[in-house]
Amino acid sequence: MSKGSIVTFGEVIMRLSPPGVNKMKQSRELEFYFGGTEMNVAASLAQLGLPVKHVGNVSNDFVGEAAIACMNGYGITTSHINKVKHPLGLYFMEVGSGLRASQITYNRLHGSFANIGPDQVDWEAVLDGVSHFHWTGISPAISEGAYQTLKAGLALALAKGITITTDPAYRSNLWQYGRNGHEVLAELVGLSTVFIGGVNEVNEILGTEFPFCEEGFIAAAKRLMENYPNITKVYDKVRTGLSATHQKIYAQAWDGTTYLSTAEIEITDVVDRIGTGDAYAAGLIYGLQTGMDDAEAIAFANAACAIKHTIAGDVNLAGFAEIQEVAKGNVSGRLKR
Amino acid sequence: MSKGSIVTFGEVIMRLSPPGVNKMKQSRELEFYFGGTEMNVAASLAQLGLPVKHVGNVSNDFVGEAAIACMNGYGITTSHINKVKHPLGLYFMEVGSGLRASQITYNRLHGSFANIGPDQVDWEAVLDGVSHFHWTGISPAISEGAYQTLKAGLALALAKGITITTDPAYRSNLWQYGRNGHEVLAELVGLSTVFIGGVNEVNEILGTEFPFCEEGFIAAAKRLMENYPNITKVYDKVRTGLSATHQKIYAQAWDGTTYLSTAEIEITDVVDRIGTGDAYAAGLIYGLQTGMDDAEAIAFANAACAIKHTIAGDVNLAGFAEIQEVAKGNVSGRLKR
Amino acid sequence: MSKGSIVTFGEVIMRLSPPGVNKMKQSRELEFYFGGTEMNVAASLAQLGLPVKHVGNVSNDFVGEAAIACMNGYGITTSHINKVKHPLGLYFMEVGSGLRASQITYNRLHGSFANIGPDQVDWEAVLDGVSHFHWTGISPAISEGAYQTLKAGLALALAKGITITTDPAYRSNLWQYGRNGHEVLAELVGLSTVFIGGVNEVNEILGTEFPFCEEGFIAAAKRLMENYPNITKVYDKVRTGLSATHQKIYAQAWDGTTYLSTAEIEITDVVDRIGTGDAYAAGLIYGLQTGMDDAEAIAFANAACAIKHTIAGDVNLAGFAEIQEVAKGNVSGRLKR
Amino acid sequence: MSKGSIVTFGEVIMRLSPPGVNKMKQSRELEFYFGGTEMNVAASLAQLGLPVKHVGNVSNDFVGEAAIACMNGYGITTSHINKVKHPLGLYFMEVGSGLRASQITYNRLHGSFANIGPDQVDWEAVLDGVSHFHWTGISPAISEGAYQTLKAGLALALAKGITITTDPAYRSNLWQYGRNGHEVLAELVGLSTVFIGGVNEVNEILGTEFPFCEEGFIAAAKRLMENYPNITKVYDKVRTGLSATHQKIYAQAWDGTTYLSTAEIEITDVVDRIGTGDAYAAGLIYGLQTGMDDAEAIAFANAACAIKHTIAGDVNLAGFAEIQEVAKGNVSGRLKR
Amino acid sequence: MSKGSIVTFGEVIMRLSPPGVNKMKQSRELEFYFGGTEMNVAASLAQLGLPVKHVGNVSNDFVGEAAIACMNGYGITTSHINKVKHPLGLYFMEVGSGLRASQITYNRLHGSFANIGPDQVDWEAVLDGVSHFHWTGISPAISEGAYQTLKAGLALALAKGITITTDPAYRSNLWQYGRNGHEVLAELVGLSTVFIGGVNEVNEILGTEFPFCEEGFIAAAKRLMENYPNITKVYDKVRTGLSATHQKIYAQAWDGTTYLSTAEIEITDVVDRIGTGDAYAAGLIYGLQTGMDDAEAIAFANAACAIKHTIAGDVNLAGFAEIQEVAKGNVSGRLKR
Amino acid sequence: MSKGSIVTFGEVIMRLSPPGVNKMKQSRELEFYFGGTEMNVAASLAQLGLPVKHVGNVSNDFVGEAAIACMNGYGITTSHINKVKHPLGLYFMEVGSGLRASQITYNRLHGSFANIGPDQVDWEAVLDGVSHFHWTGISPAISEGAYQTLKAGLALALAKGITITTDPAYRSNLWQYGRNGHEVLAELVGLSTVFIGGVNEVNEILGTEFPFCEEGFIAAAKRLMENYPNITKVYDKVRTGLSATHQKIYAQAWDGTTYLSTAEIEITDVVDRIGTGDAYAAGLIYGLQTGMDDAEAIAFANAACAIKHTIAGDVNLAGFAEIQEVAKGNVSGRLKR
């Protein structure tokens, strides 16, 4: 059976960072990237050769045009992107090093995406030919309009039998427009079929206190599936942060009956941590869309996540062969001529 | 008689531009500057050695801290700057070249300065020891709070007999918060003592149609002084733009009885046009504060404006000697060893 | 009648230049651009919003992938680009300044495009839905395979009634694979319907000696149409080079009965001359595809050419509004807020 | 009791380094910083919000002006900086990496600071309102004038009951103007009240041979206090250098009766080692000025030292919260949103 | 006995890399270096003060001139370099990081060096005053002409009693011009007197399967000397690659009777791996030319290799003192003032 | 008759400039070049293929090594360069633009070259095989040692019949070591055979007041030859500076009987004015050494001077063909493919 295309929905946001690990006050220029957790997933999937549409708003100015050009360059279909008069959301990031943490400050709550609404997206047209829909908990946290737009899309997608992955990250410092984030996320997870997350995410949504271990993960996944019967799979990624530049990650999964996990990968020279979770989600969706089994899929997803740490910017630009080599355990970084 | 210090009030805004004359979509990094028309005036005056305080809000994050560090570096007193939770205003600018115009897109209407209000500024404390207050028409165009804050300051300054310069630039694409810009500017010009502007600015405020020539300037200045008896001087700068990189400027003044004008200076290699009007205002205020007569002051102001075209960023970093040399007609650019 | 899409055929070549006007031996890094005369036309048209396919080969490595990503970013459809094992063609360019000329050295004759052949392009598929085909005299000069591939495409396009524009630039230092360039160009111009060129180009192809003036242009255009009855229009661009950074250009046209010409535009701060001819061709094709009359089309084309001189890289990134403003004579470069 | 301001005395020196870890001969540009061990301390303290004056000479040219602008930007009061005709001292540094050591070559012995003399500093005015004076052993090593100027300041400060910290680093390759460094340092330590140093520094000054361990440190501190009764505290920092980019540090203190020490912090990705000792001194002085007890102060100082390793340039730009978090043992570098 | 000069023969090739660890598709500029395994050896030796001539072709354009200027800058004698009409060979390299491997793609098989032939080199003139000749297995792999040119030089050098070192690296993806690489290397090793290589290299040439350990190395070296009686010494370097940025190396030697080896050096922050083997060869040749014994020579060579990992570009720019310090075991990277 | 090699004597000085036309206080890095008026002449001549030795001191550190590598890269023979313990002389330069002048501040009077002395140069060895000696008035202005060293070299060169060119620039702000500059220059011009200079230079040395015109030049040249009978030729360059970026130059000569002059060249986009006079001197010496007649030589020298204005750094990197094309009047800057 031939798979259809993938759709992602979310904010296209601009990241602005001083060069290297400089602080803002010692810099004269800023490197910038267009990203956003869902767009990052879209970009990774497009880089890997799958057809992907991204849905969202950008600003109706040369910044928005540059964002679209960036998405086109990744291979994302941008015909469902709206241009609106509000400025593109953005954030500044001072990149940390070693024991010094990175810091972020946002300017997004009055931006292009925050001003989206259900009337701006023709979900019937968007979902035509689509077999996979991906969303995260960031989008409904931005504004009422973003929440309503997403909900409309999910309801239609679920009705059409489209696979729906969710990465329901709860961030307490968002959710300023009046709704209760836990309730909204619970509602929207109920409209999804695949859960990307683990103990922390389940505890956030259900208000449970599962412990942070294999048994806790399995118990949490079971409870989640009981509460949300549309959910048929739970895929997780476990990170240990030793310093801003030294991380370890492995992946695990629960399909209702079986627990799977990957070897842990150690990453010693982190170039850029932003988007590593998105690289994981994209790797997983790639596996699901291309017929990998769960063990292959989480190994590929974990490797994608690991290799993203070595790439500047929000998007995993590594090719299939590079990722697969890491997935197979070759992490010696030996020169390819 | 010893002069007091100078105070400026207005938005500290961040400019973000691709390197050189690149377009956004062909760039990976952005040069940035902290500026804002009134802060630029403050910075120029501080560079020339006069004591200056700037009043306004910045964001309570590392961006706002960098803005304050920038102002401190210029020598501006920043003890009356508030840090607030709203993001610092900013704009993106694609710098043009030759026949291609520069383009700007703003993100300021929900920023730190837009959220200022009269309760945030202790004008009595600010105006202590101050002999000069400078404002422009940009500030009251941003928000009701900015307008009210400025008006309170002007009223007190006028009552204290402080010299008040205004550069009442009307920009139609601002003024989105509900008030009529022409009316507000007229009201605030009435609270000022020195008008920096010419035929265009008078026509904007009074709704007149004085022609764009020496006679028109004199007639406009006379009418302005009739309408606003606090105004005792009108200083203007006349620009001819041949291309984005080729400009000509001269200055003129009317003091109620006498018309003065400077020679025209031709600028053939424009490095940065932003802040050239502010350099003019700063040059003028410098002249007024240091006892130059009007002819000297407009020559110095015009030279300051001219030399700013050769300096990147928002602020005129040229020293007194460099400006004075241009004011005296030495424009050959001969190497100083 | 709704117009179809546009197809261009030619080498995607990499330009490598020291920063600014540096010489190679004083540099440590090189700026690079992907271009090529026909791809530049495609990119300009895609930037202006028209559907364009580019046909040609790139290398089957990360250089070729970057070239494809670049084309995707411009909005060009790249599904007919082949990846082959030969390295991407490239050239080094030292950019001149004022009285110092730019210099170029090529590495293209064993590259990806030089190794193309008719069996690598499915012209039926490529030309499906196409209303316009553009080619230049560079392609058949590279290799026998490039010549044969192009000829096959032109023959089919002509048979399908597609409009075919040609910019038949003859470069004597190419044509190293054995064929006579004049003869080949004459043959292929015979398969085209619109000639982009003037006295020089006609003289090169026909071996004539028409003089370089309005009368000469008309006479040359008439003779060309006599010899090649498929040609129904001749559009030309006349350049006067005062220095590497100072140029003047105007456009002229002959439709068999009427001579048209534009005002001359003076460009005083040339940022990048590469691709200015391609910007002209793209402007012209844009006019033809969108229903402009000839006077409008050559004014738009000439303005596109002029504004390209202010943009780094091979491609005209100016938008429709920016070009049209120059076409209407506004060349003062005044800041747009 | 409200604390007064802090004064530092010393050379403002310019550091010039090739980008990254490049060698000079492979570079075309140099990054530069204004620093100097005492100015670095001043800058750190000003960044943390304390009032600080720096005293010393700079060159009377645009280099000296840039140095003053830099200090102003840090928030240092520069009204006691003299501008003299001698060039600003400077050094070139090739930054090492891993097993390759950094290298430095100086050009300071005929510079602005070397030409200072007691008649150039009005110590009465400088010390007005001051509660803390900081000096290091570098200053008296530069020239007779620097020695005499410092001695005059210390004598007055001691008489006024000001706390005087000294970091009496002995560098054998300085001290070229004729005096015996050991004798001079011994004399000046006698005019100080807090000693920042340990076994090495005591052995240098007293000619003793205390061993490099906890007992040795306590014995050395005791002996020092016996010899110099003005000294009431000894604070030390112990560094283990594994490679140019891998270091470990902890702090210890002796107050005449009690030994204190901190946990050791491991720094794995050293960005810049210059100024880490100054960050320690500044952290310590910050603690002393703000009422921390000794255990808190050395933990804060050690954390300040550690985090400085992650910041380019001479000055610790980390804020209070960032330092305090490391002081409390959070060294995982987890992203702050 | 006074030693003569050194000659190296091989391709001068240009390396082009995105900045840092960027991928090509996320870059706008490329850093470039002129190198080539044999030229790197020449450059290292010239940097260390020995007289060296390099022999090979470069392109007759500004790229070739820049390559010659680069070699002159290193101190290499370039009077035997030919300028030919073919473009300089080059390769693109994406530098990896941690678990992501570096990738290389070549454009060299139709370049300047590939077009060399025996008639282009006057070996009698080249070898005048020469005491050492160095070649590698890359040169004869490029083209028949390169092979024939090298063979002619080796035959004459051997006849003149010149010491001949060979680093006979076999790369399977070269050797496209028709000859069997194993056979050619075997033939040319027979014309050499010192073998730089170990188990892998011997197995490649002899088709043996000696194991990768000390005993295997000794057995392989013995067999090699039996087969090629001109070979009197075998020097090897053993690398363990933990990641792209973490390596370990030691050196070993066999002189027919005695086995020698060095301590292993760990390199934790690899800046650039290219040319580290060449640094080893150059260190070894330096030792041989300056009278070190074998133990000293391999320690120096191993240290040269180690320190090269910390230097960007193809050439070891570390000075004698820096290398010798590492050779003596000082790898703490402590700052040298 | 075969010409010998050329020798130049003078300071190798380091130039440090903010990027572009930035001021120091708005910069974080500095571009640097090694130059010096006589070394610039040497470098130009070496670039043009003539054998040149430069004589002078550099610092015995990595800065001096980089200076030597730079000279080697230009092709200058550096075997007579001494390494001394004093730091390399340097200057900072803020590059102006248009009406803003460039500014320079020096740090050279205690540097490597200032500490040279006659015992450090073996003039017999240096002048072996030399046919041309070039010096300028900068060298004897630096220190007594530099003066004495130069005088010894000139006396020997004159005795050997070597052609001696002098560019006797008098700079009043040098000459701080005690001697009268006018007297010293007069003495040393008496030891020279070719004078590069015009009315200004003659008036400086002789204390005359010849007017600035053709007649004045001829009269000045005649008087000079009367006073200094060793002088047989006078070559001059006349510059008109319209702005920092717009200059005009022509050359003139007097050989005792005939006046010659070139056409004036206009330079509209000055990239770098430093070293343009040296490019003139080098062009002239090139002409003299290669057998051009005076008319050819001054045209070549004037063109070399003109084209240097378009090249960053101190040295004219243009090749013979590029210069000759400008000398022949082709200043249109048309692209060379």
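The chains carry the letters A, B, C, D, E and F, assigned in the order they are written, with residues numbered from 1 in each.
Everything below uses one rule, namely that a residue touches a chain if its C-beta (ideal position, glycine included) is under 8 Å from a C-beta of that chain, and two chains touch if they have at least 3 such contacts.
Given the structure is predicted, the values throughout are model-derived calculations rather than measurements.
Of all chains in the assembly, those touching subunit A and also subunit F are B, C, D, E. Interface comparison, B-F versus E-F: the higher number of contacting C-beta pairs is recorded for B-F.
Relative orientation of subunit C and subunit E, expressed as the C-alpha superposition rotation angle, is 180° to the nearest 5. Residue numbering at the subunit B/subunit D interface overlaps substantially, since over half of the positions present are found in both copies. Centres computed as Cα averages put subunit B at a distance of 46 Å from subunit C. Within subunit E, the positions touching two or more other chains are listed as 23, 25-28, 65, 69-70, 73, 103, 106. Subunit B contributes residues 16, 19, 23-25, 27-32, 59, 61-63, 65-66, 69-70, 87, 90, 92, 94, 103, 105-107, 109-110 to its touches with subunit A in the complex. By the touch criterion stated above, subunit C contacts subunit A in their complex at residues 65, 69-70, 72-75, 319.
Interface residues of subunit D, counted against subunit A in their complex, comprise 73, 265, 267-271, 306-307, 309-313, 317-318, 322, 325-326, 331-337.
Interface residues of subunit A, counted against subunit D in their complex, comprise 20-23, 25-26, 96-104, 106, 171, 173, 241-246, 273.
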